[in-house]
Each structure stands twice: as C-alpha cells, then as structure tokens.
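Shared chain: chain A. Partners: chain B in the first complex, chain C in the second.
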Partner chain A sequence: MVWRKVKEQGFNAMLLVPFFFNQYVLFLATAILVILIAFTSMDSSMHWKFNGIVNFRKALIDPKIGLIMLNTIIFVCMTLLFKVVWGFIIAVTTTYYMENKTVGSWFRTIWLLPRVSPGVVEAMLWTWIFSSSEYGVLNSLMHTLYGSAPVAWLDKYPLLINILLAGVMGSSLSMVILSSAMQSINKSYFYVAKVDGASEWSILRNLIVPFLRWPIMFLVIWQGLALLTSYESILLLTDGGPNSRSETWALYAFHKAFSSLDFGYGSAVSLFILPIVFVVIFLAYRVFGFHKLMNAAK
Partner chain B sequence: MEMIKQMQAGRSQAYPRQRRLGRIKQSLPNILSIALMTVTSVPLVLLYVWIVLISFSGELIGGIFPKSFSLQNWSFLWSPNLVMDGAVYPNVWNMFGSTLTIALGTSVVEVAGSLMAGYVLSRGNFPGSKFLLQSTLLTHAFPAITGMIAAFYILNAVGLVNTLTGIILLKAFAGMGMSTWIIKGFFDEVPKHLEWASSVDGSSRFQTFIQVYLPNVWPGVVAISLFAFLSGWGEYVMVSVFLFDDRTNTLSMILHSLFVEEFHGSYGIVMALAVFYMLPCLILYFFSQQALMKMKM
Partner chain C sequence: MKLLNGNKVKLAVVLLTAVTAISTGCGAKTTEGNKSVAGDNAGQASAQTAGNVETVELTVAGRRPVGDSYGMENLAKAAEKLNQKLEKEDSKYRLKVNPVLKPDDLNQYIIFSSKSGKAPDIAEIGYSNIGWLAEGNYVMQMDDMKNQDVFKNLMPGYWNAVTWDKHIWGVIQDTEARMVFFYKPHLKKLGWTDEQIAALPKKVENGEFTMQDMADVAKQAVDQKLVKHGFLHNTGPRDVAAFYVNNGVQMYDEDKKQYVFDKANVVETFKEVKQLVDSGLLPDSMMTYSEKDRLKEIVNGTALFVGGGIWEEARFKQNGYHNELGNVNSEWIQQNLGVILLPPSKKGGKPITMSNPYVYVASKTTKHPELVKRLLVEVSAPEYQKNHATQSSHIPFTKEAQELAKESAFLNSVSYMTNYSKFVPNHPDEPKYEKIRAEALKNVETGTMTPEKAAEWMEQQMKLDLGSIVVK
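Now for the complex of A and B:
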C-alpha cells in the first residue's frame, strides 16, 4: 500500500517535471540573471563587469526618458481605452441589439481576423495603408478624392497610428471576452426590463454595464499590464521612430539590449517596469483572489 | 381572446401611424448596429481581400487597382530563390520549413508539458500543489522584455542560440503556465467516478489517462494547441533576435525585411508572400472559429 502510494507520487512528480522546471528553475534563473546583469556593463562579449548602480542612474538622467515615459503613458491609456470601448461596442451590438443572431456572429467572426493573422502581416497592412509613397492606400484615396499630394503619415502621427494598430488588434480579445460575458447573462432580465417599460438607454446603463463591470475590470488589469510590457507591434510598424516619437519604455529596453547590445543598461531599463507589474498584480490578487484573476487571464 | 383581438384591430385602425413609428423605433437599435458594424467591418475584410487580389494581378492601375490576372508574383513558390527588384533572398520553402518547425515544435512541447502538469495539478493532492499553481500568476505577468535579455544569456550559455530548438523551447516554456491553467480547468470538469470505474476495471493509470481523460479534455487540447501553433507561426521578435543565420530565416523575418525595405512599388511579391504566410492561419481560422471564440487568452 505504502509502496503503491510512493509509486503514484513518483509518477505525479515525473509528470510535473517540465512545468516545475519552467515555474521555478527557469523563472528564478531569469529573474536573478536580469537583476545581476543590470548591475554590470555587459555587452555582446558577455563578460561580467559589475559597475554598481551606474545603469540605473543613467536611466534616470537619460535625456530621452521624459519623452519615452510620456509616450508610454499615452500609448497604454489610449490603446486600452480604444480596445475596451470598441470591444464593448462590438460585443453589445452583435449579441444584444442585432435581432438576427447569425448576422451578429458573422461580424464577430470578421473581428477575429486581426487576432489570427500574424503580427508581421498586421504591421505590413498598416504600413501599406499609411505608406508615404503615392501607392499607399490612404494616399491613393486622398489623391483620387481630393487630389492631394502624398503625405508621410507614419512620420506625422507615429504614436497615434501605433495606438490604432494596437487598439484594433487588441479589440478582438475584448470582443471575445465581453461577448461571452454578454451571452452568459440570463435573457429573462431583458424581458423583465422591457415589460417594465425600461428604455433601451436605461437597459444599457442599468443592466448591461453593471453585468459587464467585472470582465471590463479584468480586461483593464491584464491588458493594461500587457500593453505596458508590449513592444512588438511598435517595433514592426515604426520601430519607435521618427526621433523616438513612438518609443515606449519596453521598446527602449529592447533597443538598448538588442540594437545597441548594451545588455546591462537594457536590463536596468526593463527592471523599472517590474515594480509596477508586481504592485498591480499584488493588489489585484488581494482584491479578487487567485482563481478569479487567473480565469480572467485566460 | 376575441376581445383582445378586436381591441388590437381597433387600435391599429385608430393609430396606424403611431404603430408604424413605434415599430421603426423598436428596430432602430438593430438597424443602427448592423449599419455601424457593416461600415467598420467592410474595410477590414476589404483589406484582406485586396492583398489577395493584388498578389494575383499583373499590372496595377495607379499602383493599387488590379488590372489583369497573373501568377508572376507567386513565382517564388517554384523558383529556387525569392527574387525581388534584383535582390536575391533564400528559398521560400526553406523558410516555410523553419516557420512550421517552430510552430509545430512549440505546440508539441507546450501541450505535452501542460497536459501532464494540468492532470497532476487537477487530480493529485500533494503538499505545495496550491503554491505551484499560484506561481503561474507571476510567470504570466512577468514582462517579456525582461525575460528576453536573460533568455539570450541562457541560450548563449547552453549553446542553443541561433538554433530552432532554442526558439521552440523558449516559446513553449513562455506559454506553458497559461496553457496548464487552461487545461487544468478541463481536467477539473471530468467526474471522479469515471477514474474509479476505470481503475476498478483494472486499467493502469496510463490507460486511464488515454481512455478516460483524453477524450474529455480534448476540446481544451485542441484550443491550446491552436494557440501555441498560431503564436509560434507568428513569432517575430525572438526569431529576429536569436536567429542570425541566413539559412534559418523564417517567413515573418523575410516578410518584415521586404516591406520595410521595398515598399515603394513592387507590392505584388510582398502581398503574395504575405498571403502565403497567412494561409495556414486562415485555414485554422475557417475550421476552428468555435475554439477561437472560446479562448480568451
């Protein structure tokens, strides 16, 4: 009996090896390494040369840091607003206002497209739309309609276009989450409200919005963190340019580490994000508990 | 009943205009929603249709409207090298192979690891299992850029930098926490008496796993494999940083370098390559919308 139990736990332990390796060995090694590297002047030669807090001090007096911080705040807030509001609009119109449910699901299927196509293809589409050449989609349209000369849109509004790209790509996710939340609302609430003579506006404000409050809350937490640490779409579309006008904090850390190959400085810059992430996660964990938070992250 | 009908008939005769107005007002949200969604969805679909059209067209009117049908842009499929504006790039099928290797490798490693861990975490009751599960929260929230720098050091130290294996392992481990959590949810739904029944029948744990659990958690397996595949197939950042050998280019890398360098004229080939690269994703998209809609990752 005892032997069987030992055997069973051994079997369990064996199955857990990859997961355990990921959660503890790899994760801890990653965290410790980055913190250590941040205190060195490591470059592509990969030599450990500790230099104290030089990197952190350098980051704080970096002349670009003010602009980058501002860009990051604008990018995170505006993109978050865009993707939650637009995702909400798609979810509510297609699941509630449209009388024909099949038509609603068609529209939802269409808005899944940005989520499925690879990031590089999305970036290519947007580069094509806003291309500075006369063959760009927007420039062609403007030329046919108003006869205007080509405009270098990506140089003119780099941050705004990045917000639009990240917002459109991200709205698929909020649409999926919010429409599944909408579909789980018991239909009888709506019937009762209608029989009572509630107006559409009051149904939206007093019924739908309160029901979607938690999913929206979780979206804001997880997607806010994801946006704070994400840089891929900006890297692909404008690469932070021109003149760092669309450079965000995470992208700056990436550039320092992998373009300038200054791993020490890049690590130090990236470590500034970490406390924000941990504080948000800790607070969310205390307020919502683990299960709610992780279910929302799915 | 008769009376109500009469009343209704009487009312509709008395106030036909109000009733029609009322009906319009009632269906106004429906009409407005359809109008709004149409106006916004049509350009989105049009963009995708348009790049397919451009990829199959010879000449373009004004550089943007397809004029004639041609397979010229797709010639990279049967020629030894991808050639654009005189520049020669590697063979497309080699890049397809590397991309597919990353996507499939990531799915296999990630799904295998998550399936084993999800099973144990859902069934096994052992000290520390709760803590182990809660650690997924930290790894999920950990910023990717912070991990990238350490990942580079680790790959370099173990000699996996510039290999597809290195990318596969990094991607698979990065997604494992979340996938485990998802698949654990599916294991939790399997009734415990099924396992007892199976073990009374004399099945080994492995047989029980295959015969009892796997069919029940299959939708979850499909979903996490799908997401791991799409994520591996679309990966750009890791590939561009950790692979610096021209022989192991991926489709994401070549497409990016093409549209950054040459986006002033020869759209055709870029668009054809984009369609070629997107095709597996589109096929998955058409066949697994149910799974995609369910996945909130």
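Now for the complex of A and C:
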C-alpha cells in the first residue's frame, strides 16, 4: 500500500529530478565557478590566483569594449525585430490570409527547415553564399546579372549578414508560437468584423495584434535574453571579425576565455551580462506586466 | 516528525533514491565513458597484458593532418622499432601509438584533458606554446635529452626553442622557413633575364633588394595588368611577426622576461604595410583571405609575390591549386616559381625568416615517462626526420638528417634560409600577444586605423592583456 503510494507520487517527482539537478546543482555550480574565476587571473596554467576586481576594471578600459557594446545592442535589437516581425508576417499570412490550410502548413514547414538543420551546416551555407571569391553564390549571381566584380560581403557587412542569419534561423520559433496563437482566436471575431465592414488593415491592427500581444511579449523577452548570450552563429560565420566589427559581448567573453585562454577576464566579461538580464526581467515584470502572462488563467 | 508530514517524507525518500540512482547511473556512465575514451585513444596511456608482455598504448595529440605532417606516422614507426629493442632487452613492455587530431583546439584539449587526468602522453605542437605548457605544469622537464647522441648535431640555437626558465621541456620535431614565392614567367615579361631571376635570392640575402624594390617590381606587374595583386602575405599571427621583426621591432626582453612595446619601429612597420595597401599591391582584406585562395594566386600567376612557408611546396603538389594542371610537380615548381627570404626593409639590411619549429612535448603525468622519452629519442633519428621533411617540405633539425634530405632539390635550395631564422617569444603570454600583433596589423591594412593610431591601440591592448610591459 505504502509502496504503491510512493510509486504514484514518486513517479511525478522523479520526472522533475533531471530538471532540479540541472537548475539547482549543475547550473548553480557553474554559475558559482564562473563568478569565482572572474576574481582570479586564471589563464592557461589554470591557477587560482585571486586578483580582486582587476578583471572588471580591465573590461571597463578595454579599447574594444565600446564597439563591442554597440555591436551587441545593434545585433540584439535588429535580430529581435527581424525574428518577431518576420515570424509574425509568416504566421499571419499562412494562417489568416491563406484560405487553404494545407498550403499554409506547407509554407510553415519550409520555414521550419532552418530550425531543424544544424547550425554548422547553416553557417557553411551562408559562408558559401557570401564568399568573397568569384565562386560565391551571390558574387556569381551578381556577375551573371550585372557583370559586377566580386565583393567581400562578409568583410563589408559582417554585422548585417550575422543579423540576417540569426534572424532567419530564429524566426521559426516566432512563427510557430504566433501561428498557434492565431489559430486559437475564435473565428467569430473575424466574421463580426467583416460584417461590420472592417478593412483588412483594421482587422490586422485592431483585432489580430491585440490578440497576439502576450505571445509577442513573451517572444520579445525570451528571445531578447537568449540573443544577449548567444554567439554560436557569429562564431561560425565571421568569428567576430573583421576588426571586431561583428564581435558581440558574449562572443568576446568566449574569445577571451577559450581563444586567448584568459579564463579570469573572459568570466568577468561574461558577468557584465547578468545585471542587464536582471534589469530586463524586472522591467518586463513590473512595467510591461509580464507577471500577468505568467499567472494562472482565470 | 511534525516538521515533515508523511507525504513529504515519502517524497524525500523517493527523491533521494532517484538522486542516488542517477548518481550511480552517472558513475556507471563515466566508467563506460572512460573505457570508450581509452578505446578512442584519447587520454592517458593504457596498458593491455597478454602473457608476459604488456602493451602500453600512448596517446599522441597534434593539430597537423597527414600531408602537413608525418609526425604521427613517424611515432608509430619509431614505436615499432623501439619494440624490437625492448624485446631484445627482455622488457615486458611494448608500445602502441594512438593518434588524436585536434586541428582547431589542441591547446584547450591539452588543458582540459590534463585537468581531468586524461592528458595525451605526447603532443606535437608549435614551440611558442612551451612557456605556458611549462608554467602550467602540463609537460615533463627533459633536461637530460640534451645528452642524447641523436641531438648532438642539432642546429645551433634550436635548444632555445624548447627552453623555458632555463629548462628543456620538449624536443624539436622539424624546422622550416617562411619566405616569399615569386612567379618567374611574369618577371620575364617585365624584361628580367634568366640570370637576373636566378640572382634574386642572393640579392635579397645581400640586402640589395629591399621591400621597396619588391613593391616597385610588383607595381610594374600590376600596372601592366600581368597580375591582380602585387603582393600577398601569409596571415597567421606568427607569420605577420615577420613584418615587425623586419623593421627592427623588439618584441621581448629576455632579461626582464617581459614583452616590449617598441613604438617607433612598430609605427614604421605599419607605415610600410599601409604603403603596400595604398599603392594597390596588397588587398585591404588580406588578413581575411583564405590560405587556399592565396596559394592558388601564386600557382596561377594572378599575384607576383606571395608569402608562404617552404611546406607550401608539398601542398602545390598535393592540393590541385593550378586551374588547369591541378597538382604540379617539382619540375613545374622549379621552372615557374622562385623563392626569396622576406626582403629587408632597409638597403643593406639582413633579410629574415620567421621560424616556428614544431616540437614534441610529453605529459607530466604520463604513466610511462621513461618509455615516452625513449620513443622521442627514437623518433628523432635521421631517417624519420627525413621521412617527415621530404614528404611535407620541412627542414630536418640535425646535420645527419639534412644530409639525407639533400635528395630533395627544393629543400636543398631553401635550407640556407634557416641561417636567417628569427623566433617569436615562447613566453606563457604568447597566445595573448600573438593575437594583438595580428589584430594591430589588420587594423592598419583595412584602413580602420592610421599607423599611429594602431600603434597606440597596440600599446593599450598590450598593457591591458599582458600586464607590465617595457615601453621603448
């Protein structure tokens, strides 16, 4: 009898164990280690030599930091805009404007492809498209159409191309969430609006957008925070270059730790992101009413 | 019991059981993982016993693939030879070499595998890493290697490459030279005679043909539309060090064990490079040029002067860079390509070549230090040096092996270059400094900074990353 009860309740608890282990053991241990390392001069020799706040002061006078901060702001804001707006356009087009559900699903499946293909493959494909040699896809196309000479695209527009790559790769999540939200809107609202003579623009502005407010809010905060700490696609496409023109904060932390083997400084740089994350979460909760989204449905 | 009600106690028991189960599972997995790692040849020496013989499996890590290096192949062959000796000595040990290739992250691999007790027994790595490997306690001290017969006729000055803090931490694997290829047919089109072309390397050696002279000839070729680019240089951080050294930049103070910021000469270096870019000889995107594109340009004659290393000769033969011929042979190379040292920046000056000899180091925690050392002595024998040198176009490091490698006409023609070898420091902070060195030059080439501004940036970055430095 007791064993049966343990089994009943224990099963649910056991399901949560990996989550708890990750959140409260692995994550916590990693965070504590990173914080401790940030106060050391640990480098390739991996010695724990505590040096106070030297690394943090160093970050503030680092000649690259201004450019890196600007890159990060542009990268996060522009990619976020691209992800959400593009995801919104695909979602609305394929669920509302396309009458045929099968065609809509088919289009959405195509937009899921970047999400399911490995990042390395995606980056290699983009490197080929924007290759500076005459054999690059874009350069061959430009040469065939306009007879243009090869252009070093990744050197000329490194940040813009990174924004496009991250935006295309990430818009599928917005598309999935917003499509689901669109499909859950009661159809009668649209019928009533049309009977009342509302224009398509008015339906979009006064009906669809307000209905999608919460999912959009969730996407902006969730993806914005994720973008602050993401660097993989940039690492693969331009590695932050040329001349740090596509170097973002998280990538700089990675480079300092694993490329220059300056683990202390790399950890300190990474910790600067933490206050930003806390401020964003606070603002989202208090100012933008994010807590209403997190509350149980009434 | 009031503190915890019945359900909570049961839940706690279940959680503890689950955590224990998971931990046990993790433990089991780790053990399994270790087995598989050993099976994959990554990690510390493992041993298998059959009868009275114990086969010691040594892990050897490197970043150069076959074609660029035959170090791993040599170690395997040397292990076989050593096994014969061990058998004669009635030793119970036999060696087996398990190679691990880490082209992009060898340094990280050594650090993290060492910290988890699975360091490779031997690593094939560039000499400039000796400082941090020694300071970090990753590698075994090998002072006694100096007394081994096989190293008796080592090239002068090459023990310095493996020396840090007055101790020896590895043995040389090969040496090479970085130089400049030129495309002979274009020089002929510019009116040069065969004699003049043949005399060019000597003129560079004598300081009669400078960087400016090279730029002038390159300009003629560009103006006459013979080539797209007058000069392309190799872009690695140890390659671009050549421009600094050529302009007399002092990088390091041996006595103080500190890096030096030599402002006046650094500015001169940047001005020289900027002039090459401004006159349309060197592309401003040079530092992001792919190695393959650069080498294709010299083989196909779309550039007149191209920086590289002597090992490129092997790549020309193997990698199909020629647009029509694909792979080219020794005769074609001799007929169409010439090689010179990087010309001096000033008339009458000495040319230079940057040397980055590869070395073998052994893990401090290897379970079989004596066997590892014996293997490193064995692999340093002249025949193995020759095997690596002739196949990958490198220069052997002892006189005996250089004699054996004389059968290669190309190696013969470039071996004099090692007389002009210069080395970057092998200080523990070299991984940080080499990045600053390359980035500062990139800032000038791309036009992001003026030479003076780039020098200021370099000074600031050196102070930031290297702590106390000497400012000249």
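Points worth noting:
Criterion: the second predicted complex is superposed on the first by the 261 of 298 C-alpha atoms of A that agree within 3 Å, B and C clash if a C-alpha of one lies under 4 Å from a C-alpha of the other, contacts with A are read in each partner's own complex, and residues count from 1 in each chain.
The definition used in the following text is that a contact is a pair of C-beta atoms (placed from the backbone, for glycine too) under 8 Å apart; a residue touches a chain by one contact, two chains touch by 3 or more.
As the structure is a prediction and not an experimental result, all values here were calculated from the model.
Using the contact criterion defined above for the overlaid structures, shared-chain residue A:Gly10 touches chain C, although it does not reach chain B.
In the overlay built on the shared chain, the residue A:Ser117 is in contact with chain B alone; chain C does not reach it. Once the two complexes are overlaid on the shared chain, A:Val137 sits against chain B while remaining clear of chain C.
More chain A residues lie in contact with B than with the other chain of the pair chain B and chain C. Of the two partner chains, chain C is the only one touched by A:Asn243; chain B is not. Of the two partner chains placed by superposition, A:Ser199 touches none, neither chain B nor chain C. Contacts of A:Ser148 after superposition on the shared chain: neither chain B nor chain C is touched.
In the superposition on chain A, A:Gln183 makes contact with neither chain B nor chain C. Judged by the touch definition given at the top, the superposed model places A:Phe258 against both chain B and chain C.
In the superposed model, A:Asn51 makes contact with neither chain B nor chain C. The intersection of chain A residues touching chain B with those touching chain C, taken from the two complexes, comprises 9, 18, 21, 46, 133, 258.
Partner chain A is touched in their complex by these residues of chain C: 7, 10-11, 13-15, 17-19, 22, 105, 107-108, 111, 115, 132, 135-137, 285, 287-288, 290, 293, 428-429, 431-432, 435, 439, 442-443, 446, 448, 457, 460-461, 464-465.
Contacts from chain A toward chain C in the complex involve residues 2, 5-6, 9-10, 13-14, 17-18, 21, 43-47, 58, 61-64, 132-133, 152, 154-155, 241-243, 258-262, 265. Those residues of chain B lying in contact with chain A across their complex are 27, 29-30, 32-34, 36-37, 41, 44-45, 47-48, 51, 62-64, 109, 112-114, 116-117, 119-121, 124, 126, 132-154, 156, 173, 176-178, 180-182, 185, 205, 230, 233-234, 236-237, 241, 252, 255-256, 259-260, 263-265, 267, 270, 274, 277-278, 281-282, 284-285, 289, 292-297.
For chain A in complex with chain B, the residues that touch the partner chain are 8-9, 11-12, 15-16, 18-24, 26-27, 29-31, 33-34, 37, 46, 89-90, 93-94, 97-99, 103, 107-121, 123-125, 127-129, 131, 133-135, 137, 140, 144, 173, 176-177, 180, 200, 225, 228-232, 235-236, 250, 253-254, 257-258, 263, 266-267, 270-271, 273-274, 277-278, 280-281, 285, 290, 293-298.
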